[in-house]
Amino acid sequence: MSASAGSLPRFIAQRVLLVIPMVWILMTLVFVVLRVAPGDPISAALGGKLTPAALDQRRHALGLDRPLIVQYGDYLGSILHLDFGKSFTDNQSILSVVRDNGGATLSLTIAAFLVALVIGIPLGLLAGRLRDTAPDVLIRLFGIITYATPIFFVGLLVQIHVAPLLGLPTSGDASPETLFVVPERTHILLVDALLSGDWLSIQDVLTHLALPAFTLGVAICGVFIRLVRVNILQTVQSDYVEAAQARGIARGKVMRNHAFRNALVPVITIVGLQMALLLSGAILTESTFNWPGLGQKLVKYINGRDYGAVQGIITIFALVVIFISLLVDVVNALIDPRVRY
Amino acid sequence: MRRIAAFIATPFSKTQGVARWMLVIGIAITAVFLFCAAFAPWVAPYGFAQFRSSSGADFPKLAAPSPHHWFGTTDLQTDVLSRVIWGARTAVEVVSLAVIASLLLGMVLGLVSGYFGGWLDRVLVLVMDSLFAFPSFLLAIVFAFLFTNLIGSGFLFLSGGVLAAALSLTAIYIPQYFRVVRNTTISAKEATYVEAARALGATDGVIMRRYLFGNVIQSVPVLATLNAADAIGTLAALGFLGIGIQPDEAGEWGFDLQRALDDAGLGIWWTSLYPGLAIVLLITGLTLVGEGLNETVNPLLRKQRLVPVEMTARQPTVPTSETSVTSR
Amino acid sequence: MTLVEQVPATPSAQGPVIDVRDLRVWYGTPRGAIRAVDGVTFSLDGGETLGLVGESGCGKSTLGRGLMGLLPDGAKRDGEVLFKGDDILQMSVHDARAMRGADLGMIFQEPLTRLNPLMRISQHFEETIKQHEPSLSKATIRERAIEVLSLMGIPPTRYRSYPHEFSGGMRQRLMIALALVLRPAFVVADEPTTALDVLVEAQIIRILNDLRENFDTSLLLITHNLGIVAEACDRVAVMYAGRIVEQGDVRDVFGQPQHPYTRELLRSTISLSTTGLNFIPGAPPDLIDPPPACRFHPRCRDAMNVCADKDPIPTVSGTGTRVECWLHGPAQEIPAGGDAPLPREEIGLADEA
């Protein structure tokens, strides 16, 4: 019964098997929800812009006049080939939309996540240790207020008050010169800028990233604060902490090595959940800061009633979220030896 | 009469410390908004889409706060204060509907699933977990999209947009209640007192109603309150993106903020500040209530009240070495 | 058939290792102070094992924790706890903490949750030893750990395992090893076998008994199981409602119990010759407002008037047993009429503690 790494592959295989039905359910849900609406997608998106004959032609070309079951099977099948369809309004393949805009969303969410961690975890640790004192109350209030304030409101306030003070840009992910100068390699602007080695471009990209990432990061840090705090409260009371004290271990060491460390482990699990929160928040942040990511595109397609695009993009989001939670489970298994069994 | 007063005072009397203040302040804030929501037609000076006064004069456009318009006016010449108050009504309507509906559905499904188990349970768990894993806001967008097209005009006193928004919020919160109720049901199901009841001949329905329901009901208030807080935020976000409630149906804070985005650059602060503050305050109030309840109810988080000990004087024991008297 | 050999205690020349005088541990609550330990006096010599028995809620655990200094916030101690002559209660927090692990050891009740699940056993030992002897090398630490582990019957190959890979009994042995690795002179064992099955219990008791030979440790064994005490302890102290009502050599106390409570306790134990169940009517008293004078008098069959009136004065019998009871108390202290039986109502209505 030793801690062999051999059980890890088995654990991963189990988790992957579990993921497949979940993916299937979500795909079906997206399909059903978007198709069940009365009227057909094409009229909704393009009705009034094209003649009825042209509309029929479009419908036929996109296979929307076939029975629903056939369309459903087609939809699932194409996903397996990583074909997420085309948008109705501007005839773009969803894959290309993701390629062009996904990088911006990716850099925004990762940067925001880091901001949230850096702010949230230390504050949570502090609040848990100093329970019910003034710092604890203030930190918890801070967590609640940042959660209560809508991202677009924070963004608004940041744009009005903070941006002029720090001289940071509030729109877009880079100035036109940078976009011109930096060669596109990975489709992620930040990475491309770093690869190009041009210091001015890197600076430009980072300054554009600063405010949106900060806004989104502050908006979600409340979750980390609350989680870490509650975990600390529980680990501090645990039996093994008392046993360590009985062996004369210094209080500071007991807190650090037993209470804090064990309290942070569940945080890793919650990371997966935060991915979902981050993506939702990203959509709003991109609208507020004119950030050219997938979220902004999604909103545009929604307002244009473009079912094809909306279906494709949401499918991709769902897959990303599930994949990340799978990754998180694996990391969790690596850290916590009990999970593998 | 005294009992009613005592009941109202329970947030203050039965709790202590930080939890008490959270509860009290939270309830106070929420009460203000509930009041505005209930009495909007009488409290608000004007209608939410009203752009001219009763005497026929148009309201000024983007006017700064003044004695006529305490919070100023918007670019559509509507009164900001009125829109904030009417927005409270919209928020309370939509969110109450959504929370109650998802609570009922989630609880029923959770009870049934947890109690009967088997393949029904497995399927439901899989569906709920998938829903739960998905970004709730995205899901809300998708559902709002669906319901807006589906519903059209409306039902009773609820307009189409309000109903659509409420239904989409309902859909995304069901999994939470389902999960909590199912888990509690499963652990309560195996409890010995349930076994005893069954041995005495109680039917499934009786067991579910009398034994499991009471257990399950404990965690629901906290969850419902925190859900309501989240729902307000989600509703505002939907309104910000222009999905769900249309401007002619009802006032909505998120929508107001979206329009205020352009005003910001021109130095106009009142169109965004007040709706924004309203959202922050209401969500904070509800979250404070939820967290305060959680602290009080959850035994792990509850802190024992420390009372300093006063010891009496020490009485040293004086051993005597007398041999024992014959015992009785 | 005795499980372990009775090893006679060797009183050290310097006096007792632990000398407790009038120890009180009170907790503050809104209703009033809980007098969990209300004036306890005893002492332990080197290599001696003292069993501390009593019902649930009598204060035994609090006493053990109070000696170690592991009480929650809001508890207050009073009296003297002399460890080799130094009063622990007067020490600074820092000095008191330094004594834990090196001079005072504790073995807890629930072995399953007492080890950090994310740390290997080796890390537990390294942490403990390094705290008290920071200059030792990792190799020396490992040597010491393996030495004490093998005494507990745990092979060196398991040194780097995680806690969840051990069974309950093995985890308790790990806890004992951790508590003893620095050779403390005094160890408190708080119900070490309550959570374990009978066979494992026997193993653990044998290990605790060997402590005396291998380590010359003074052991305070807190338990509600009289059988273990009979087998493994030199002396026994019977605790009721925060006070020690009788203490002495195990064979004397169990053979000829003097305090009515001790008598009832012994009668309630079950053996192969038991034909009916005996129990003590009533319930343990409320520690916030205990009965006046002798705390046992509401439940005592032989209670006299003086028992409800004046605190019993401790007496020492010929065999060395110390008892607090008016039945054996100094007769001249009993007022006239005080030795008449106490009139009472049904005991069954006694308050729950």
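Letters are used for the chains, namely A, B and C, taken in the order the chains are written, and counting of residues starts over at 1 for each.
Throughout what follows, a residue touches a chain if its C-beta (ideal position, glycine included) is under 8 Å from a C-beta of that chain, and two chains touch if they have at least 3 such contacts.
Since this is a predicted model, take the numbers as computed values, not measurements.
Across all inter-chain contacts, the pair with the most C-beta pairs is A-B. Remark: the per-chain Cα centre closest to the mean position of all protein Cα atoms belongs to B. If you average the CA atoms of chain A and of chain B, the two centres end up 25 Å from each other. Chain A and chain C have Cα centroids lying 56 Å from one another.
Here the spacing of chain B and chain C, counted between their Cα centres, is 50 Å.
Interface of chain C with chain B (complex): residues 21-22, 24, 26-30, 33, 39, 41, 72-76, 78-79, 258, 302, 313-318, 322-323, 327-331.
The touching residues of chain C, counted against chain A in their complex, run 68, 70, 97-102, 105-106, 108, 110, 113-119, 127-128, 131-132, 161-162, 164-165, 175, 178-179. Residues 21-22, 25-26, 29-30, 33-34, 36-39, 44, 131-132, 136-137, 140, 144-145, 147-153, 156-157, 159-160, 230, 233-234, 237, 276-277, 279-281, 283-284, 287-288, 299, 302-303, 310, 314, 317-318, 321-322, 325 of chain A are the ones touching chain B in the complex. Note for the complex: chain B touches chain A at residues 17-18, 126-127, 129-131, 133-138, 141-143, 145-146, 149-150, 229, 233, 236-237, 240-243, 254, 257-258, 260-261, 264, 269, 272, 276, 279-284, 287-288, 291, 300-301, 303. For chain B in complex with chain C, the touching residues are 304-311, 314-325, 327-328.
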